[in-house]
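Quick notes on the structure that follows.
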């Protein structure tokens, strides 16, 4: 069993938009990857860290890998909870874990993304901003 | 000057998502049409009317026309206000007017959509559901 | 009757993608605005003009206004023809007109967009690149 | 080493659309999942099998899982090749493997999706249509 030194979760809510559905009548699977991104933004802002500001300061975080498991469908107008979990302090990479729940509290999707800190000038991997480290160390 | 018998506005908020931006660094223009749709859903739900339920009852509202004027750009993480305004009770058609404001209160976009009530079985135009009329008549 | 000195049309084809449909079973209306953009790119490349290269050279073309009329629905796997028509040489603005046809040749959508040439450094309107003018003057 | 009885690959081309880029200046990662879907449709149609027709006949294929690795970015106007590979005949599930190449032939992304055959009336797993099996058995 992996023992994580660190564990932090944050829940964001969103309502499924009509354009996110497809002809199967449910949320198109590609949108979950977008929900993950939405939830990362909301978690970061909640922690007092703006991803947009970080980009202005010259560091971006391209996505290195995504995986997603679809358990149950989501429907138009559904209120979903997107839970993001951090299990490690970031190194040159940062791992995010996701669970999506419908309003009955059922787990409908799980996922994982790996992002890398990248210096926008050199286009090379870099360390996470110290300010982000400071914030994350406080919430351990 | 047109004298409207009816005038109702509702404001929804949303935060710009990363995937909604494009390589120009701003919200891609196609997303404003999606913001309009989001705001219609929110307004309707606020009024106690679920568009999703109406579809289950056999009436859908395809979009007949859209127009949009782009005044200023919107950026990632911006909190926008989408104002929807109704100026008429619906007939077989329903007109929605939109104004989008950024967090400085600047008007950044205006738009208009016309939707038609359509019986999903016959695929023909139909009258708006009486329940919707009742709700709208109350808020005049 | 307006007499245009100039008239040029170009047809692009595309096949409707699954994710472009919505729970109504048809192409979501917001995607037509994206089809217009696709058709502009294809027309420009056909004329030997890369919009991407123009951006690298410091000129971008934000969309100033869009309008669209939806006549008939389009479905998953449909092959559509997007016709773009130019009726004027560009000034600081450039107008594009669109007609979309399904494979039975039926007109299913018409639209219009206005784009403005913008200097990316000053963020102010500018003249269209001379190279684009030269190309367009040849095809009158 | 796994020995596959079966191996079939098909290449589709597409050009990156402007709206698929994000403020990082590259194709947004969520769109690769959409490229996979596009490539499945193209492969199926090439084999004489319409996914749309299968849905009309009452069988749909929801996505059960997706994974994607991002190796290099893709840019607006890039012509990409999406290679889909089948390594097994489908059972109640069907696995697709993807490789995306840019026009220099560089591998920029790999991915995998699992889809399940589902009876649209009962909403339960079902066998793949015999017509699809026949087609796939011919190309072994």
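As written, the chain order gives the labels A, B, C and D, with residue 1 at the start of each chain.
What we mean here is this: a contact is a pair of C-beta atoms (placed from the backbone, for glycine too) under 8 Å apart; a residue touches a chain by one contact, two chains touch by 3 or more.
Every value quoted in this text rests on a predicted model; they were computed, and no experiment measured them.
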Far-end chain from chain D, centres as C-alpha averages: B
Chain pair with more C-beta contacts, A-B versus B-C: B-C
Rounded Å distance, chain A centre to chain C centre (Cα mean): 34
Between chain C and chain B, distance of the C-alpha-averaged centres to the nearest whole Å: 25
Centroid distance [mean C-alpha coordinates] between chain B and chain A, Å: 29
Contacts with two or more other chains, residues of chain D listed in rising order: 18-19, 23, 26, 30, 34, 37, 76
Chain B partner contacts - residues on chain A that touch it in the complex: 15, 17-19, 34, 37-38, 41-42, 45, 50-52, 75-77
Chain C residues within the chain A interface of the complex: 18-19, 21-23, 25-26, 28, 30, 76
Footprint of chain B on chain C - complex, ascending: 23-24, 26, 29-31, 33-34, 37, 55, 60, 62-70, 73
